[in-house]
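Right after this note come the structures.
Both complexes shown next keep chain A, but they swap its partner, so chain B is in the first and chain C is in the second.
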Partner chain A sequence: MSSDAQPVPAEADRQSPESVDRPVDRPVAGPAGRLAPATPENNRPSAGWALFGSELSVLFRRLRTWAMLLALAAVPVLIAVVVRLAADEGGPGGGPPFLNQITQNGLFVALTGLVVSIPLFLPLTISVVAGDTIAGEAGHGTLRYLLTAPAGRLRLLAVKYGAAVVFCVAAALAIVVAGAVIGTILFGTGPVTLLSGDTIGVGESLVRLLLVAAYVALSLAGLAAIGLFISTLTEVPVGAMATTAVLAVVTQIVGALPQLEWLHPWLFTHYWLSFADLLRQPISWDAFGANALLQGGYIAVFCALAYSRFSTKDVLS
Partner chain B sequence: MNGSGTSAALAIETSGLTKRFGRQTAVGSLDLAVPHGSVFGFLGPNGSGKTTTIRVMLGLAGASSGRVRIFGQEMPGHLRSVLPQVGALIEGPAFYPFLSGASNLHRLDTADRHAPAATRRRRVGEALERVGLTHAANKKVRAYSLGMKQRLGIANALLMPRQLLVLDEPTNGLDPQGTREVRSLVRSLAGEGTTVFVSSHLLSEVEQICSHAAVMSAGKLVAQGTLDELRRVGLTHLSIQTPDAEAAWGVLRRLGLEPDGSEAAFDGQVSTPMNRPELLPEDIAAALVADGVRLRGFVVEAGSLEDRYVELTGEGFDVVQ
Partner chain C sequence: MARTWKRWLPAAVVPAVIAGGVLTGSLQANAAADLPDKTPQQLLEMAAGSDVRELSGTVEQDSALGLPELPQDKPAGEGGQVADALALLTGSHAARVYLDGPDRARLQLFDRFAERDLIRNGAEAWFYSSKKNEAVHLTLPAGKGDSSDGGASPQAEAYTPQRLAEHLLQSITPESKVSVGDDTSVAGRSAYQLVVEPNSTETLVGSMVVAIDAETGLPLNVQIQARGQQEPAFQLGYTKLSLGAPDAGLFDFTPPAGATVTEHAVPQHSPKAEKPQLKGNNDGGAGVRDQVTKHGSGWETVTEVPAAALPDGWADSPLLGQATEAVDGGRLISTSLVNVYLTDDGRVFAGSVPLGQLQAAAEGR
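Up next is the complex of A and B:
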């Protein structure tokens, strides 16, 4: 380490033309102008997308993230292999919806995978990612360095929630893609008969599958917001993850109790399995709209709670 | 430092800064004044409120009452414009163990909207070089030693040109060579005009690199000033030999000094720290004689900064909590 090295990039270098800096109307007070020797970036902060990119890269460079996505992808693979073996011995009986149709069309493997994963596996992985958002940074101690960088508390929350939603999409896609691929390999594809009795081609059925994946990701976005809020309450990431997962399971149990039927429309799990409407011709968007409204409500409430908690929180980790 | 006649301005100023956790007061009405361009040593035993003060200063925790100004701007109100000019190492380094050293710096740099993306790679490289970690740049932080993590933490503080560096125990976990390097780094940064605020419980460290210092004890500021001022107060100790010890003790008390021992336990000797710098030894002698105290011996002794520190913060395990 030489003591005469310059840690300071030369002034000219910092005015690079390809810089994505966007001018922001922020008057610089006299004292700051006095102390900061008029470096251009002091006046023009960038839009701040770099942190979101960094967040995604940190999320998807973790072994844990890929282990969870692989585990999710393994669900339809397991189903397809088991059904295939059973079919050789005389055909399946019972099981989740769509299971009987798997042998006729491989694309149903993806749907079956989703139906099987929605109650537990998907909420579990979302809980891990959403519960880790703030508590994980606090646990590592990196939260204090992000905040003094300064990342900005609102911006950090937005970036964290955005990355959690990206994971919701990735999780749903992992099941759908793995299911479609293994189904095609083991059972082949063909025109799909919808719940309404109409038949659509393979191309359109793939679009329907992606729609269902989007529906599932949207369903999980509300849970991710709840996880984000819980994550601001603690410095122990495992605690936030477990609480979020338990909440998802308990809510589903409450949703299954007929005595509490008045409460059911308000539960974030209420429409989780209602994507069958997307498999009719023409598509019925009622469930999608109702779900979007419900999840939007949960997202708004819990993101607001997370912000109100986090914006005034003493970061002592 | 910009030659505009503002050299007297304060880089950090707190007034009546108080931080309470529940009923416990971690920091009580702290009035810090860190001059611009100084290397400011922030001394105090473990648990005396140093790190809490730093956390409140940098907006990580809210003050219960009182104000913080950095570069004359209120914190945390102006946090967004002030913090990009501040590099910080707070309560030890913290990184993602599953990322390499360079990736960690890259990650933290993206959090600063004022840090240009175009120069990020180069700035990360330079910061790593400055702390001697270039060889370990691509190693996972999980495999770093404590000293390497500490260096990486300092590199993080140096990612951008800074007006102020806040270094909380920067030599913690470093070997003697590393300690020397950090010292020379701090000196060279100070030479470039950066204000450096170093918290430490290592007196020798503070004596070697700091121009100013403050001493905390149990959440209170007990001394503050240039190192010379602190020495002037801290390094002198008066001991008097007299047959009229009780009377001498009374006179010293009246003068505002705090003589050791109780009135009963004198053995022809009274000693006191000279904790009032404006009070000169000759005036004390005159006051004693005027009150009829017969002086047998009158010695102004030079102590050490350590004596002064221990005197201010308590002895051994009796450190005030």
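Up next is the complex of A and C:
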């Protein structure tokens, strides 16, 4: 199966995943056979899921992953404890949105935690995971072993991105769950007042919280795609992580400059804080839809870029 | 490496496809079916005869009046309401509108992490602000229930394009040229465009364009152009619209536990006094209407409000100081559509005319 002589782009397009599924056609130094025998039937689709599973277990067995999730969970806990300690003094309003509702309803701790974490903490942790995807393997010198297993570069990339998205979900859930739990313990729960002034029960408010978590995870998936692409550019994982994190911050700064207003709807951070639309009655899905479109665009573009870059890259480490 | 370029194809194709999708999407949004021709008179009758009283929609307002952007998250307190009112005239705002019959309406004005709601359900009217967690309750006196005459309630409908268009179209004078513009599409509905241009060359208003739904005659979008400005100075229109009765539960409002609830009585003689919760502080404004004098006519009308009709010290607000510039004999709030001239002796002159005419009106007395 030599696709070298295929001149038609459309056909090449269709074939390219297949062609990279073959063992890499470059000479690979090192004990290539060590990984290969374990997965002799890796060309089946199920092999991708096996690889995904092992990637997830690697990700979630790392101390670093848990340290980051714990740090994220600590944000709402910190907020709740501080508000609890200060509540008796009856400080004036101000601070981040939802902060003054916390004392009435513990579930708002989760929302305040999200508002506080979205600008920096969440992007930072996503940058670490996404920037590490390819560059981390390259930096450890394990990338070429991964590629000698007949998993293929496309599949490896998909698995890496999938794991990063799972981390996005985990990160959002860490804040929401920790916030809801600590809020319930310290302040109790009850019917939740939405922004529209209507009141909903605890059950429905938990559904809304999960929706908000899904919204935030979706928002971060775009950043994860950017991080994946940057990660294919370098073999220094720290460089990829830092670049992704800086990009997230710079984009938010650009998003705050009124002089660049025409650009704002195209920035991947544009809808990050618009999850409040899920707290109206009835739910306003406009922001969710617009955000999904925007993030989908970023995911498509940067995954395509990452694929192109990664599949043409000379893997030397 | 003949295959290398093929592997870069996705990186080129995907952005191209997305760009194409965005382009066709925006083209389709503006493309409209070719509607049968109508005369301006027919359009006016169509708009006047529109009887859509049940709808839910999303309204968006954009202003480019040249007013300074105001800080959104200022602490509540003095000047809060003035600032709220001015903030409505800067930047973009989105709101949802629900109408069900003549006396049930709900307006949800979206703020960042907050919302302001106006609910009207028969004789009950509520105003709720989530930022302050405050609710104001009005019980409308019997007989004032019909809002067709402007009503006595917080006007949830006041923010809809149809009410604004009604207001604007009423003010068409013989000094205007009325024509029909290109067919357009608003919120996915085909619409006619009625263009009103002043004959006067002195006024700041360039033109007003009202998009009228081809099917129901409902005004869907209102655009006001200022002279010498490319983008519309003011625009209010639907971005989403569905006709039909909204969920009845939307109009049953119970203030949330913990909210500060204020009861307001509605004065019989002055239905307008309680209305402008949204539009600004009008305390003591009951008599203003009677003391206002008009100079000139048509598009060049200058409205004068004597110092006595205004609350004491209102002009000392630091916010006002920021928004005004010093001119001969007073201060000026200059926007691309309206100029407001505050004389040193406390009178206020406003109109869609250049400063010179305001000063002339002020000196004329």
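Keep in mind that, in the parts below, the second predicted complex is superposed on the first by the 268 of 317 C-alpha atoms of A that agree within 3 Å, B and C clash if a C-alpha of one lies under 4 Å from a C-alpha of the other, contacts with A are read in each partner's own complex, and residues count from 1 in each chain.
Methods note: contacts are C-beta pairs under 8 Å (C-beta built on N, C-alpha and C of every residue); 3 or more make two chains touch, one makes a residue touch a chain.
Values in this document were obtained by computation on a predicted structure and should not be read as measured data.
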>> Under the stated touch criterion, which partner chain does A:Gly162 make contact with: chain B (first), chain C (second), both, or neither?
In response: neither
>> Let me test your reading of the model: by the given contact rule, A:Ala50 touches which partner, first (chain B), second (chain C), both or neither?
In response: first
> Once the shared chain is lined up, is A:Gly239 touching chain B (first), chain C (second), both, or neither of them?
Replying inline: neither
> In the superposed arrangement, which partner chain does A:Val58 touch: chain B (first), chain C (second), both, or neither?
Replying inline: first
> Who does A:Pro119 touch here: chain B (first), chain C (second), both, or neither?
Replying inline: neither
>> In the overlaid three-chain picture, which partner chain does A:Thr312 touch, first (chain B) or second (chain C), both, or neither?
In response: both
>> Looking at A:Pro191, would you say it contacts chain B, chain C, both, or neither? Reply first, second, both or neither.
In response: second
>> If we overlay the two complexes on their shared chain A, which of chain B and chain C does A:Thr199 touch? Say first, second, both or neither.
In response: second
>> Please report the chain A residues shared by its interface with chain B and its interface with chain C.
In response: 3-4, 6, 9, 13, 16, 19, 312
> Which residues of chain B touch chain A in the complex?
Replying inline: 2, 4, 6, 9, 36, 55, 58-62, 71-73, 78-86, 88, 90-99, 103, 106-119, 122-123, 126-127, 129-132, 156, 158, 161, 163, 181, 184-185, 187-189, 192
> What residues of chain A sit close enough to touch chain C in their complex?
Replying inline: 3-4, 6, 9, 12-13, 16, 19, 93-94, 97-98, 101, 104, 115, 191, 193, 195-199, 258, 273, 276-277, 280-282, 284, 286, 297, 300-301, 304-305, 307-309, 311-312
> In the complex of these two chains, what residues of chain C are touching chain A?
Replying inline: 1-4, 6-11, 13-15, 18, 58, 69, 75-76, 94, 96, 108, 110, 112-115, 117, 126, 128, 130, 133, 135, 240, 247, 250, 253-259
> Which residues, counting only chain A, touch chain B once they are in their complex?
Replying inline: 1, 3-9, 13-14, 16, 18-21, 26, 28-29, 31-32, 34-37, 39, 41-42, 45-48, 50-51, 53-54, 57-58, 61-63, 140-142, 144-152, 156, 312, 314-316
